[in-house]
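Consider the two complexes below, in which chain A is the common component and chain B and chain C are the respective partners.
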Partner chain A sequence: MEVLQLLISGLSLGCVYGLIALGLVLIYKATETVNFAQGEVMMLGAFLAYTFVNVLGWPFALGFVATLAVMGVVGALLERVLMRPMLGEPPFAALMLTIGLGFVLRAIAGAAWGNEPHTLRTPFAGDVLRFGELVVGTENIAIVLGTAILCGGLYLFFRFARVGIALQAASQNQLAAFYVGIPVQRVFALVWALSAMVAATAGVLVAPVSLIDPLMGFIAIKAFAAAIVGGFGSLPGAIVGGLIVGVVEQFASRYLPPGFGDTSAYIILLVMLVARPEGIFATLQRKKV
Partner chain B sequence: MRFVLKTRYGQDIDLFRHNGQRFWYALLLVALLAAPWVLGDFYVGEVSLVFIYAIAGIGLMLLVGYTGLVSLGHAAFLAIGAYAHAWLLNHGWPFPASLAAAAAFTATVGALVGIPALRMTGIYLAVATLAFAEIVEQVITRWESVTGGYRGMAVPPAELFSVSLLDVDVFYYVCLAVLVACLIAALNLLRSPSGRAMVAVRDSEVAAQSMGINLARTKTLAFAVSAGFTGIAGGLLAHKIGYLAPDAFTIVLSIQLLLMVVVGGLGSMHGVIYGAIFIGLLPQGIALVRDAAPPAVAQIPGLEPGIFGAILILFLIYEPLGIHGRWVKVRQFFTEFPLYRKATHRRQRSYLRTERVR
Partner chain C sequence: MTEQASTAPLLELKNIETHYGPVMAIRGVSLNVPAGQVVAVLGANGAGKTTVLKTISGAMEPQKGSVAFGGQNISGWAPDRVARLGVGHVPEGREVFPFLTVEENLRMGAYSRKDAGVKDDLELVYGYFPSLAERRRLAAGFLSGGQQQMLAVGRALMLRPALMLLDEPSLGLSPRLTHDIAEIIARLNAEQGVTLLLVEQNAKMALDLADYGYVMELGRVVMEDTAARLKDATDIKEFYLGMKEEGVRGRRRWKARKTWR
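Now for the complex of A and B:
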């Protein structure tokens, strides 16, 4: 019974990692840059939802939709203002830029909302469901359901929208994609918007479990582990990787000596990088000259 | 504009291009040696901190700027060097032996980290070093018998030739001497075949391998040397801060170190020094502005890292070659005065292609 309980909390934690990793992978797939500020974008989304729902008193659904809309615009703006000048620069420079962005976003959030933790008022938090001896918090169910719905939506989007193919082309060869008429820059802006919306969803879902404060973005470091375990560049891989990291973390902090819970994600990451660097869902081939 | 007619190979690999450079560097050294007589104790301490940052920066520059491997976990090497040095001092080792042993130990750890890193490039390496740093932080927190855990660990006062390092001026000279030694060592490494191999690996792994460079050896060496220099800096930093605790060596410090080499100018040892001065003095500058600013602005939590981040972004967009690159451009403008062409320094853009199949 304890194992099942741990499994459920691990899965719901894993969904959060998976959602952040999903946003990372979206950007990586299209633009070949890793957004080290993904956790901070999530934090911004959670704070926005808090502002709409708690401060302005809007109904939750309306506040959530407004958060998504605003975060989409924010994501596109970040791409337009910061990332577009980096197009054609070495990937390292873009990576450093997102790190700087993370610091700036954290300072902005600290200035706007202060450093004390906040709780988001949601319709799905605080209750528990009982299945026999099993006790499941409704927020955990909401996280899993929300993740599933979001993944389904993204799958349909990339399966049926032409953008999905444009995105793949842009990532495989930016210059060639541009020559054949794919609006590479607009595709990138769209991907950043999409990724910011996914991050905002993750932020709203995780808000009842972990409080909202400017430092909540640091859990994105564990999402890197999730993304790499799944094979950076694979969308289902991101979710699967997130679930693995989440479940292992829960079990490690229960059954292993203290300290292993917090580091299990990093240990998985390093083991994965040594053993199978291309991840579970490999999308890379060895470069041939 | 001075043209040096090179007639011997020795001139080509000389550390100084001409006697003018020798003169100015000698003058700089004299000025630095005389500084403790002119500056107050506080500023002497701050300048020693700049020297320590510069030593760590040499290590990181060798890795990031010359070998092209990004590390987001250099604070971990700094921590390992600091704790190893303090532990050895506690067990009665003399200062020079302890510092050297701490450097050697850190270099060994660096080589061990470097081995799995051989298979990774770019972001994978960045994330792996990040994970390594997080694990080191946890190990330091949990290994209480050696590191003191959360409570921390006092750094014992050290002596060099029976002079106490607690004296600000003595510590300043020690840091200066170590920095100069490290700089000379790094510059010598860079003009040796191993250093040239690092630069070749940075510019193109495939080309380097085709020319017969052993990638594994070069990358491991780069990691080991880089970690070694950072370990030395860690040992000196331990004396500077006096009390070691795990929260002094977080990811924020790693990123500050990276910020230092990027803002200073990647791929030049001058850049390390400029970056170290920048990083060392920026908190003072921010403190001055904070005093002058209205309280509503001055009280913002996380203001300092935010400003660091903003500066990093501005440099990456407007001057990716850093302070050193800007200085080179300004100098060139004046030496070629009416003939300077902006396009000389235009960057070549290279658009990405991947080997992904799906």
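Now for the complex of A and C:
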């Protein structure tokens, strides 16, 4: 029973890692930039939701939708204002820019909302469901359900929407995408918007578990491990990688000596990099001529 | 130099200069593509043929000179914008979207189009390339080289282009497939009225298809004439059609080499 209990909390934690990893992979796949500020984007989303729901007193659903909308705009603006001028610069420059962006966002959040932790008022937190001996927090169920719905939506988007397919096309062959008339720049802005919205969802879902403060974005480092385990560049891989990292972390902190819980993600990462560096769902392959 | 058409050409390049960083790849190229015709650009590796096409479609920006399409100056436009004008670019090395299916690839070709004719054009492309129709659900990365080339041509066709830029369509294809592709190019010009600018190293194929031809060397146009007259020109025969033993001396020296250090 304890195993099942740990599995459930591991899975819900893993979903959060997975969602952040998903945002990372979305941007990486399309633009070949790694956004090191992904965790801070998530933090910003959580704070926005806090402002709408707690401060302004809007109903949760409305506050959540407003958060998604604002974060979509923020994501697109980040691409338009910061990343687009970096086109043609060395990739390392863009990478440093995202690291800097993380610092800036943390400072802005600290100044705007303060450094003490906040609690987001949600309709799904604080209750428990009992299945016999099994006790499951409703926020855990909400995280898993929310992740499942989001992934389903993204799957449909990429499989059937014209823009979704164009997005894949642009990530698979940028020049050819230009040549067929896909407005690649606008598609990139859309990717950033999408990624910010996914991150905001992760932020709102994790808020009841981890509280909202300017430093909450640091869990993105574990999401980074999750993305690599899944095979950087694979969307399902990001989620699976997240789940693996989350579950292992829960079991490690229960059954292994203290300290292994927090380091388990990086241990998995190291093992993975040695044993199968291309990740579980290897999508990266050399272009054949 | 002969004037080839009295009306304004569909595509007009005036004194284009394009650089790769500090390296000047094109040193003042002017060429005209009249509507409805097939124009070939010949030349050896590194002559700047591909760069000319990239400059037309906007993937590279010319430092000097102008590109006019249908009387409109399009120099420096983003490539997706040029494509939406009706310029279909089939790049060198069949750049398909490898993880999308054949049909998705073709539909992406019509991305900028809003009209209802996309379905009909899909059938049209499948009519030209029956081997693609059989594999419409297959990921494009699994196609053979020849099929990928056909897919790239078909994808450009989905744009309903007024002008199609073909970059080495015969590259890496067997003689038979080269023949098939050449036949389809001729049919596209005759049946669909597509104007074609064809870049080729396979000079025989290009001159058989073309109405007019340009010969490039080291970033410059060194010769231009009607295709029929180019075929008879002694230089062309010698250097591009291989009608005189050329490079024998070079090959001997190559064979005589013992090591390559």
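One rule holds for everything that comes next: the second predicted complex is superposed on the first by the 283 of 289 C-alpha atoms of A that agree within 3 Å, B and C clash if a C-alpha of one lies under 4 Å from a C-alpha of the other, contacts with A are read in each partner's own complex, and residues count from 1 in each chain.
Convention: a contact is a pair of C-beta atoms (placed from the backbone, for glycine too) under 8 Å apart; a residue touches a chain by one contact, two chains touch by 3 or more.
Since the model is a prediction, treat every value here as computed from it, not as a measurement.
Contact with chain B, but none with chain C, is seen for A:Ala107 once the two complexes are overlaid on the shared chain.
Greater residue coverage of chain A by touch, when chain B is weighed against chain C, goes to B. Contacts of A:Leu175 after superposition on the shared chain: both chain B and chain C are touched. Of the two partner chains, chain B is the only one touched by A:Leu97; chain C is not. Once the two complexes are overlaid on the shared chain, A:Asp262 sits against chain B while remaining clear of chain C.
By the touch criterion defined above, A:Val274 reaches chain B but does not reach chain C.
Judged by the touch definition given at the top, the superposed model places A:Leu62 against neither chain B nor chain C. After overlaying the two complexes on the shared chain, residue contacts for A:Val135 are found with neither chain B nor chain C. Residue overlap on chain A between its contacts with chain B in one complex and with chain C in the other: 168, 172-173, 175-176, 178, 283, 287, 289.
Chain B contributes residues 64, 68, 70, 72, 116, 119-120, 122-124, 126-128, 130-132, 134-135, 138-139, 141-142, 206, 210, 251, 255, 258-259, 262, 300-303, 305-313, 316-317, 320, 347, 349-358 to its touches with chain A in the complex. Across the interface of their complex, chain A is touched by residues 57-59, 78-80, 83-84, 88-89, 91, 93, 95-100, 104-105, 107-109, 111-112, 152, 155-156, 158-159 of chain C.
Residues 28, 32, 34, 82, 85-93, 95-97, 99-104, 106-108, 110-111, 114-115, 168, 171-176, 178, 214, 221, 224-225, 228, 232-234, 258-259, 262-263, 265-267, 269-270, 273-274, 277, 283-287, 289 of chain A are the ones that touch chain B when the two sit in their complex. By the touch criterion given at the top, residues 162, 165-166, 168-169, 172-173, 175-185, 283, 287, 289 of chain A touch chain C in their complex.
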